[in-house]
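Each chain carries a letter (A, B, C and D) given by its place in the written order, and its residues are counted from 1.
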Amino acid sequence: MTAAELRIGVIGAGAMGSDHIKRITRRISGARVSAVVEPDETRAQTAVQNAPGAQAFGRIEDALEAGAVDAVLIATPGFLHEAVLLPALEAKLPILCEKPLTPDPESSWRVLEAEQASGARRIQVGFMRRFDPEYRQLRELVSAGTAGELLMVRAAHRNASVPEQYQQDMLITDSVVHELDVLPWLAGAELRSLEVKLPRRNSLTPERLQEPILVLMELSNGVLVDLEMNVSVQFGYQVTTEAVFESGVARIGENAGLQLWQAGRTGTGVDADFTTRFATAYDEQVQRWVDAARAGLAGTGSFVDGPDAWDGYRVAVACQQGVKALHAPGTRVEVELPERPAFYR
Amino acid sequence: MTAAELRIGVIGAGAMGSDHIKRITRRISGARVSAVVEPDETRAQTAVQNAPGAQAFGRIEDALEAGAVDAVLIATPGFLHEAVLLPALEAKLPILCEKPLTPDPESSWRVLEAEQASGARRIQVGFMRRFDPEYRQLRELVSAGTAGELLMVRAAHRNASVPEQYQQDMLITDSVVHELDVLPWLAGAELRSLEVKLPRRNSLTPERLQEPILVLMELSNGVLVDLEMNVSVQFGYQVTTEAVFESGVARIGENAGLQLWQAGRTGTGVDADFTTRFATAYDEQVQRWVDAARAGLAGTGSFVDGPDAWDGYRVAVACQQGVKALHAPGTRVEVELPERPAFYR
Amino acid sequence: MTAAELRIGVIGAGAMGSDHIKRITRRISGARVSAVVEPDETRAQTAVQNAPGAQAFGRIEDALEAGAVDAVLIATPGFLHEAVLLPALEAKLPILCEKPLTPDPESSWRVLEAEQASGARRIQVGFMRRFDPEYRQLRELVSAGTAGELLMVRAAHRNASVPEQYQQDMLITDSVVHELDVLPWLAGAELRSLEVKLPRRNSLTPERLQEPILVLMELSNGVLVDLEMNVSVQFGYQVTTEAVFESGVARIGENAGLQLWQAGRTGTGVDADFTTRFATAYDEQVQRWVDAARAGLAGTGSFVDGPDAWDGYRVAVACQQGVKALHAPGTRVEVELPERPAFYR
Amino acid sequence: MTAAELRIGVIGAGAMGSDHIKRITRRISGARVSAVVEPDETRAQTAVQNAPGAQAFGRIEDALEAGAVDAVLIATPGFLHEAVLLPALEAKLPILCEKPLTPDPESSWRVLEAEQASGARRIQVGFMRRFDPEYRQLRELVSAGTAGELLMVRAAHRNASVPEQYQQDMLITDSVVHELDVLPWLAGAELRSLEVKLPRRNSLTPERLQEPILVLMELSNGVLVDLEMNVSVQFGYQVTTEAVFESGVARIGENAGLQLWQAGRTGTGVDADFTTRFATAYDEQVQRWVDAARAGLAGTGSFVDGPDAWDGYRVAVACQQGVKALHAPGTRVEVELPERPAFYR
C-alpha cells in the first residue's frame, strides 16, 4: 500500500454518488475524493463542497486528462456505465462500479474484453451484500459444513415503497439483482434457472406494478431458492435469508446476527469481549475527535466532541468514593464535587 | 476542517495503543499516525510498521520538539497520563486521553488547571460508550420523555474473565468506571452516592478477587441504579442497561438495538431503507476496495477485493433471463453462461 | 351442557389414543374415558389402567351395544376410520375423529352421506392447529384487516426425523395435510392448485425418501403459499408461518406469540395482567392439588402437592419484616424463623 | 385416586373465587364445584350459575354440616382465612388456600398448630408461580448445577396499575409476597434479610403510594436478590427473573422459555416434537369438543366446535391432488371440489 492517499474520482453525483463522496470523506481511511464528474453543474458544485480539495469535471475524459485521479468510483445510472468504464480501463485505473456492471450481457461482455485487453483485473462491482457481516457469517457456515450441506434458501427482500421511476422489470434488474449475485456466492454454486410466481397483488403498490412476486431459482448444486420480492410492504426495509441445512437452519437479517437452530436449541453468538461489542463506539469516538481536532486547529470549531476533562475529573472523584464503598460493603458513601469551573460550563 | 490529514502521535503502544494505531490507519478518515511514543523499542518498531510513514520516539517531549504531531492520543497506563497530558497541553495540542483522565481527583484537578491555563478545552476522555448507537438511542428516549421520566436503571457489566494484573479495586477503577461516566450522562444527573453489596462469591474468579458485586448508586434527580459488576461470568462479554421509565421500560445491550416495552407491546425498530441496514457493508466494501487499489497501484497486490467484472457479467445474464421469467409467470427459464475466460479464473 | 360427565369411548389405543386417554383423564373437565376399543389385548389393558372406571372392548359395536359410551374419539390408523365412523354415526354419537377423516375422497364422501342421513353434524375432525393460540391470533389479524389484505404465506413444517413406517406419500398425506386444512382456514379461501419443487435431497433422510420438498399452493383469493416440508431437519420440531400482508408481515411459530412488523417497528404483545402470564401455573396448581386431594382421600397419597402451611408461615414472617424494611428505607432488616416443626420436615 | 369426582367447596366468590370456579368447571379433570360459600347473595347466585350442580351457602359451617364438600378452596380476603381454615381442618378436608396463608405470623402459627392437631398435612398454599413452567425450568438449572452455583437473582415484578384498595404495605404483602416464596424455593435457601431502597417516585402512581421500590434480599446460601417492585408501569404485566450463575446467566419471563447465556452463545430450547409445540392446541381441541358434545346431547347446542366432516372431505381431495403433484415435480395440479352440500353450509 502506498503511504499517499488514493485520489478518487467519483463519477455521478446523484443520491448514490453523493453518499459515496460523504463516505470517502468522512469514513474511509487512505483515500479522498479528488474529482467529481457530473454534467449537472449545481449537483457538481454541491458535491465538491462536501469533499475538501475536490475539483468538478463535466466528463470523465477531462478528469483523466488532468491527471486528477488515481481511481474511479462509478455511480451513474447503469446504462451509462459502459461509456465510463471503457476510458477508465484504457487509463488502467482501479474501478469500483456500482451494480449493475452494465444493463445487458452484450455490453457486459464488451467490458470484459476491454478489461482483459488492459492486462489486469481492475473492476470491482458494487454488490455490497458480500461485505455484510451476517452474510459473511452465513457463508462461513456453508463452507464449514457444521450443519451439513445447504439444501434450500428461503429469502425475502422487502422495501417500504419505491420511487416514481421504478418500473416492473426493475423488480429483477434493480432489486432481485442483489440476490442474483449474493445467493450463488453464498451457496458456492451457479444459477441454473429462474421462475416467477404471482401472488395476490398489493393494492398499495403503484398502478404500473404487479407485485409482490415469488422468484424460484435452481442452483447448480441442487439448492432451491424461493425469494419473495416485495417493494411496497410499507413497514420498512427488510432482507432476510433463511438457509436450510441438513441438520440445522440459520437465519440472518433480523438485526441480531446469525440465528442458528441446531441440536435442540436456537440462539445467537455472544460478544467475546469489548472489542466487538463496542467496535462502532471506538471508531465513532476517534473519528469525531479527529474531525473536531482538525476543525479546531483550523480555527473553525472546538477541539473536543465528547466527554471532556471535567468529566474525567468527576469520574476520578466517583472512583475514589467507589473504592471506599467497595471496602465497606453495605455502607452508603456520598459523592461530592467542588463547584464546576466556569471554563467547563 | 483543514484539507490536510491530522498527524496523530499515539502515546503508548500496548494493546490499547496498537488497536488505536490500526484504527487510525485503516478506519479513520482525515488522520494518520505520524508518531508512536513508546519507550519499549520492540513494541515501538512493531507499531511503526503498521502505520506507514510514522516515526518512533522514546519520549513525548522529543516528538513535540520534532514538530511531528498535530494531536496526541494517550494510551499509556493511567498513572502515566498526567506526565503526558501536561506537555501536550503546553504545546496546545488536541488530546484524546484513554480513560481514566488520571487515577485520582488531585492529579485530575491539576490537569484541569493546566488545561484552563492553556486557554481552550483540548482534552477529550475516552469514555467511548457515549458513542455507542444503543446508548445514544436510550439517551434520546430519556430526553424525549415519551416514556415518562426515568426512575431506575438496572445494569449489568459482565466479562468472561480478567487478566492476571486485575486487582480487587479495579472492579471500580477499571470496570465500573465506565458506568460512572455513562449512566449519569444517560440520566442527565450527577452521582450522589455509592454502595456495594456482596453476593455469593464466584468460585471461578481468581483467588485475589471477591466478586461479583452489586453497586447501588443514587443520582441527583432521584434515579436509583443497581449495577451487577461481574468479571468471571465465563460465557462472554455483556453490558446491558435496563431503563425503567414511568410508562415503559427500555433495554439495550442484547445486539438488537433498543427494545422498548410500552403500551401493551414490546419490540424494536426496523430499518427504514438499505442505508442503515447495509451501512457497514457499504463502508467495508469501499474501504477494502481503497486498500486493494492502493496496494495494486503500489505493485504489491490486486486492484480488486470483492466481486469482479465476471460476476457483473454473470448477473447481467441472470437479469436478462429473470426478466423473461417475470413476463412468463409459472415458466421455468434456464440460465446458461459461456465458458469463463481463463483471465477470470 | 349436562351436569353429568361425558362418557367417551376411545377407539384405538396406540400412541395417539393413549395420549388422548391421558388427556381426558388428567386434563379435560366434564368427561372421562368409559371405554377403550382396541383389538390388541395388552394395549387395551394398559390403556384401561390409565383411565379409572373404563372398560375394554375389542370392537366398537360391542361398546355401543353395551351402552357404555356417550361419544367416541377415533384414534385408529386412517384406513380404519370409515369402519368406525359409520356405526358411530348410526348410533347418533358425537365423534372426534383424528385426521384424516378417511384416506381418500371417495370414502370421505360416503362418510358425508352417512352423516347427512344421521340428521345432524356429529363429526369433528382432529385438525388441532385451528386451536393453537398463535394460529388464532394470526387468523384474527387476517380478518381484522389492520395490516391490509393477506398476499402470501411462507411456511415451514420441520420434523427432526420420522419413524420407520413413514413413506414418501406421507409427506403429503401425513404432514402437509395439516397445512392443507389450516392455511385455507387462515386465509379464508379455498385451495385451487398444488405444485411440488425438489431441492437438494437431505442425505440424512431415510433412503426411501426424497425430501425436503417445497410445496406451492394457490388459493381462491390469489394468496400464494410456499411451504417447506422437511422431515429430517435433525434439530427439533418447528412449524412457522409468515403471513405477508399489504402493509405488514406477521410470523408465528417461534414460541413468542405473534411477531408483527408494521409501521417501522417489529414486536410482540405483552401480558396485560397475571391471568394470562400465569394461566398455565394456575391450572397446573389446581389440577395437581385436585389429584393429590383425591389420592389422599382414597388413602393412597398426600393431600398436598405444592407449597404447604409451613411455607405459608415462613412467608408471613418475611412479609412482616418486609413491611418494616419498607418503612425504614436503607435499613437491613433480619428475618428469623423458629425451628421448623418435625411435622413439616 | 378415587374414580369419583372431587366435590370442591369454593369459599369466597369474588374475582379470584369466580376465576377458580370457572377453572374447576371448565379446565380441571376429576373435580367439580359442589358448593359456593359466599355471604353476598347476588355474588353467590352468579357463581352457582357457572357451576352446574353447585349449591350456595352463607357460611362454611353450613356447607360442612350438609356434607356437600370433599375439599375446600379458600379465596376470601386474607384476614378471613384463619376463620375458614380452622373448621376445614377440623373436618379433616384437603384445602387449597389462596396466598397468604394468613396476614401475620401469629395467626399463621395457630393454623400450623391446628393442622398438626388434625394429624396430616392438609393445607396447600396458592403460591402458583412454583407451577409455572419457566420457574420450574430455572429451578432445574439451579439443581443441575450445569451453569455452576447460583450467585445473584435480578428480578422485576411490574404491574400496569393497581386497584383503588391497594395500599403502600401491599407492595410487600400482596406483591412481593410471591417472590418471598418463589425465590428462596428457586435458590434452595432461606431468606435472611430484607432492605428497601427508594428510587425516584413514579408520578403516575396513585398519590397514596411511593413506588417503584427496590427490594434487596440476602439468602442463607449467600445469594443476593435485587427485586424491582413496580405497580404503575403502565405498559402491561411483566415478571422477569435473571439468575446469575458462576458460568452463565439465565432469564425467564419474556414469553420465550428459559434463555441461557453460556459458552459464547445465548438461546432457548426448541420443541422436540408436536406434543409440546401443540400441547395447548390438543387440550383446547378436546375440551371444546367435549363441551360441544355435552351441550349437543343436552339438546342445547351443536355436536361440533371445530373442523367438520366437510373440512375432512376437502382435505382428502387436496391430499389426493398433492400426491399427484409430488409425483410430478414442477407441474401445477388443480384442485376442484364438488358443490358443498347445503347440510354443511
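As a convention for this text, a contact is a pair of C-beta atoms (placed from the backbone, for glycine too) under 8 Å apart; a residue touches a chain by one contact, two chains touch by 3 or more.
Molecules present, by chain and UniProt name: A, B, C, D = Inositol 2-dehydrogenase.
Small disclaimer: the values here were computed from a predicted structure and weren't measured.
Taking the CA centroid of chain C (Inositol 2-dehydrogenase) as reference, the farthest chain centroid is that of B.
The interface holding more C-beta pairs in contact, when B-D is weighed against B-C, is B-D. The mean-CA centres of chain B (Inositol 2-dehydrogenase) and chain C (Inositol 2-dehydrogenase) are about 49 angstrom from one another, to the nearest whole unit. Separating the centre of chain A (Inositol 2-dehydrogenase) from that of chain B (Inositol 2-dehydrogenase), both taken as means of CA atoms, is a distance of 19 Å.
Between chain B (Inositol 2-dehydrogenase) and chain D (Inositol 2-dehydrogenase), the centres computed from C-alpha atoms are 46 Å apart. Within chain D (Inositol 2-dehydrogenase), residues 197-198, 216, 235-236, 238, 261, 264-266, 268, 270, 272, 330, 332 each touch two or more of the remaining chains. Partner chain D (Inositol 2-dehydrogenase) is touched in their complex by these residues of chain A (Inositol 2-dehydrogenase): 261, 264-270, 272.
Interface residues of chain C (Inositol 2-dehydrogenase) facing chain A (Inositol 2-dehydrogenase) in the complex, by the touch rule stated above, are 148-152, 154, 156, 158, 197-204, 212, 214, 216, 221-224, 226, 228, 230, 232-236, 238, 242, 244, 246-249, 261-266, 330, 332.
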